[in-house]
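Take this structure, written in structure tokens, and hold onto it; I'll ask about it next.
Per-chain residue numbering starts at 1, and chain names A, B and C are given in the order in which the chains are listed.
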Amino acid sequence: MAVVNVRKRSTDMGPDLIRTRRLESWSRLGLLAPAAALLLGVFLIPLGVMLWYTFTDPNPGLENLTWYLGDPVQRNVLLRTFTTAITVTAACVVLGYPYAYAMVAAGPRLRAVLTLLVLVPFWTSLMVRTFAWIILLQDKGPVQAALSALGFGHVALIRTNLGVVIGMSQIMLPFFVLPLYAVMSNIDRRLVLASSSLGARPVTSFRRVWLPLSLPGVGAGALIVFISSLGFYVTPALLGSPNDSLISQQIFTQVNSLLLWGRGGAMGVVLLGITLVILGVLMASARILTGRQDERVE
Amino acid sequence: MPADLSALGASIDLKGLTKRYGDVIAVDSIDLEAKPGEFLTLLGPSGSGKTTTLNMIAGFESITGGELLIDGRPVNALPPYKRNIGMVFQHYALFPHMSAGENIEYPLRQRKIPKAERARLVEQALNTVGLDKLGRRMPRQLSGGQQQRVALARAMVYSPRVLLMDEPLGALDKKLRDALQLEIKSIHEKLGTTFVYVTHDQDEALVLSNRVAVFNKGKIEQVASPHELYERPATVFVAQFLGESSLFRGTAVLGSGAPAVRTAAGTMLYGGRSEALDGEAATLVVRPERIRVTSVREPQPDGNWARGWVRQEIYLGNSRKLEIELIDGSRVFARESAGSVSACVSGDEVWLAFRDQDAAVLADSPGVDLNNLETKTAAISVAG
Amino acid sequence: MTRVSTRVWRGILVAFCALVALWLVAPALVVIPLSFTDKPSFVFPTTGFSMRWYENFFQDPTWVGSLLASLRVGLLVVFFATICGTAAAVALTRSKFRGQQAVRAVLLAPMIAPVIVVAIGVYAIFLRAHLLGTTFGFVVAHTMLALPFVIIPVTVSLQGFDRRLSSAAAICGASRWTSFRQITLPLIAPGVVSGAVFAFVTSFDEVVLALFIQSPYLQTLPVKMYGSVTRDIDPTIAAAATLILIFTTVITVAVAIYFSRRNHAR
């Protein structure tokens, strides 16, 4: 059917037009080709190779996946990766929401300062920041000294999961604050005023008006933080303990040290699959939510 | 400038020109010709295909069918930058990162004209549009009217043989529009270039054009001079779209005498000419200012008479408009100019009188929804 | 009553934000004093003052070599990613075709796919193709990671670009390429510049993929720092970190100046 239609249309168009049309699609192809070739060569094919190893190395079959899903150590690693990512996301929400709110509520000068401060870590190298956290969290380091001065006693930070969460949250916070700020600054503040002029107490109008309107921003920021946290490698590797490693570190070890490509591949497949599923589910639910909002507007 | 510039204009021929987007036909096999040096206006409501036609002439839209000839040469496959056509866009489309002078110089730069010559031509063009001292300003520092003058200068600086204009005055206010209309007209007379002008504003079309092509639903209803278009509309659509018309619907009766329409109430109304076939659904069209309203029926030979009731009086300063309900429930307008206003007021029973030669029997085009058309025309005259 | 409680709330919010801001900014700053310490340790607060770690940095060919490698790779990535990304953004915004959404999704995928997963696949391929430790390998891999960061800002710029200007240029006699160069490019420059800067930072900052595709003969600065942190306690890394801080600050300020000048000019 489709073929017939295409033929029919092209005879209608006349010879000249076909030439210009084809030129257009050629130039589009030319524009996309370099980027597409790059993605194919160092993204899609590598992922394909990883899949291939998963099911063939060392023997063809599902043994790598069954090993991964059956190994209690690996199950713990996966669980720890999840709890770490959730903790980091929660920390970003708790610390970032008031910060973003302050950015919106502040006057122009204070807002500029707050924006600059949240952008500074954005521009600082990941390695530099991780290294800085090593210094700060080391035994007898400044943070430990401050904590014991406050009466918390001796708290181990470096080579603990707590240290990893502190470092990762600091690195991820800008990624949470910026999208949330974008959403919050679009909220019509007259709505809050209207609600309080109707007699709502500040807490009530915040809960009924501000909070629901800013939730899409929280969702977007939290999604970015959570997904990035699942795949973090450098920070947990340098701040955490080898005994409490996360999935990225395990993949690194399997491939780079143990040369067990199939096992590394299997873990990669699981990590990638989880990422895509979470992304897909959340995007779909976001689409449903915004769709509803559009309807309401109309 | 030399006097023989009238030879500068090119002819444009559209032969069965068609544009289709999937299953939607935007322009349906139209035939149209612009003579060298002519000011041709494409007039019609939005979505009637006039802009699509202009874009095909410019080369921005590919042609689905038919042929486009400029000076007798087929240019269907020629990209816009090789057509040597000038164009003025609705929202000016000035390059925001270039000064007014650089904007005007841009087409000259593309033509590899030497620098000194370029400077002279830019100066001359700025002069023509009355912006001598503003060449260094950036577009955002100019008013809307000034920006449109720059756009005009940019389109004509390289003396193209065809100049296209896509609602160039659409974004300006009424006063400025009137002033610029006259300027465009005088520039056209000075240059002798062929102008193809797109607008939905009937007044603009009547003021500017040598000829007007009225578009409706992808087809051309009529091509004629403004005078003929207004006095002798060929279709009900044209009669409605250009100026106001009062419509008496019924059936065409073409006997030995004058052509007539028999209304549902049985009244015979006669016209001076007919574009309809005997027995088909037809409409008698009269301009409201040709209708006289009286409170008593006066005897008058070869005249039309219809009874009705005044439903609304509309005061318009230089005239008064009466909305009159006929016996069959349909409504028509009559316009009385100041100085000859009758005593009839809202609620009165009145008689309408008009001469045969002021009315025409026109076929109801099947594609035209008359009710819909009225609202559209109303909306457009409000916008204008 | 309520006014007092509002003021209290505001005070708490300000104090909270000050703490968060400190937590955001302070860590990066501790590396600066550490780079001037006179002891070969990470002890903080530091004592004394010396430039020996900077001397160390510039006299050690592996440190200087890694800095130069990072700069070389970064600049090449900027070149290729900006061109390929801009071209792709143009194709994606200027035309409609079947599978467009899929192409867009694939081009942006490197941004969300965990780097470690891509890294092992790339490692496997580079191992076979003998591309480990080559500038070419680094540039290709980093360009792939940088592409989304070019495509996104350029697409945003292109969506804000009035396409009638392209039509106007065409009718003035400019071919497609000329019109792109003279009209489109100057007007979408902010997006392209942002993309170029993001591309550089992406490459200059990247560790995970680099750890896999490095070799003793070609290490980028982050790889060298990673190795240094895991192996020895040597404040030279603090000097390196300080240099990176200064370098990125200079780039950021330069870009900020470019944008504010541009905004003033318009």
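By definition in this document, contacts are C-beta pairs under 8 Å (C-beta built on N, C-alpha and C of every residue); 3 or more make two chains touch, one makes a residue touch a chain.
Since this is a predicted model, take the numbers as computed values, not measurements.
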Longest centre-to-centre distance from chain C, chain (CA-based): B
Contact pairs, highest-scoring chain pair: A-C
Chain A-chain B separation of Cα centroids, rounded to whole Å: 57
Chain A-chain C separation of Cα centroids, rounded to whole Å: 17
Residues within chain A bordering two or more other chains: none
Residues within chain C bordering two or more other chains: 176
Sites on chain B at which at least two other chains make contact: 79
Residue ranges of chain C touching chain A (in the complex, touch as defined): 2, 6, 13-14, 16-17, 20-21, 23-25, 27-31, 34, 42-45, 80, 83-85, 87-88, 90-92, 94-95, 97, 103, 106-107, 109-110, 112-118, 120-125, 140-141, 143-144, 147, 151, 176, 201, 204-205, 207-208, 211-212, 221-222, 225-226, 229-230, 237-238, 241, 244-245, 248-249, 252
Residues of chain B touching chain C in the complex: 58-60, 79-87, 89, 91, 93-97, 106-107, 110-111, 140, 154-155, 158, 164
Touching residues (chain side chain A, partner chain C) in the complex: 24-25, 27-28, 30-32, 34-36, 38-39, 41-50, 53, 95-96, 98-99, 101-102, 105, 114, 117-118, 120-121, 123-136, 138, 140-142, 170, 173-174, 202, 227, 230-231, 233-234, 238, 248, 251-252, 255-256, 261, 264-265, 268, 271-272, 275, 279
Residues of chain C that touch chain B when the two form their complex: 162, 164-165, 167-176, 178-179, 182-183, 186-187, 266
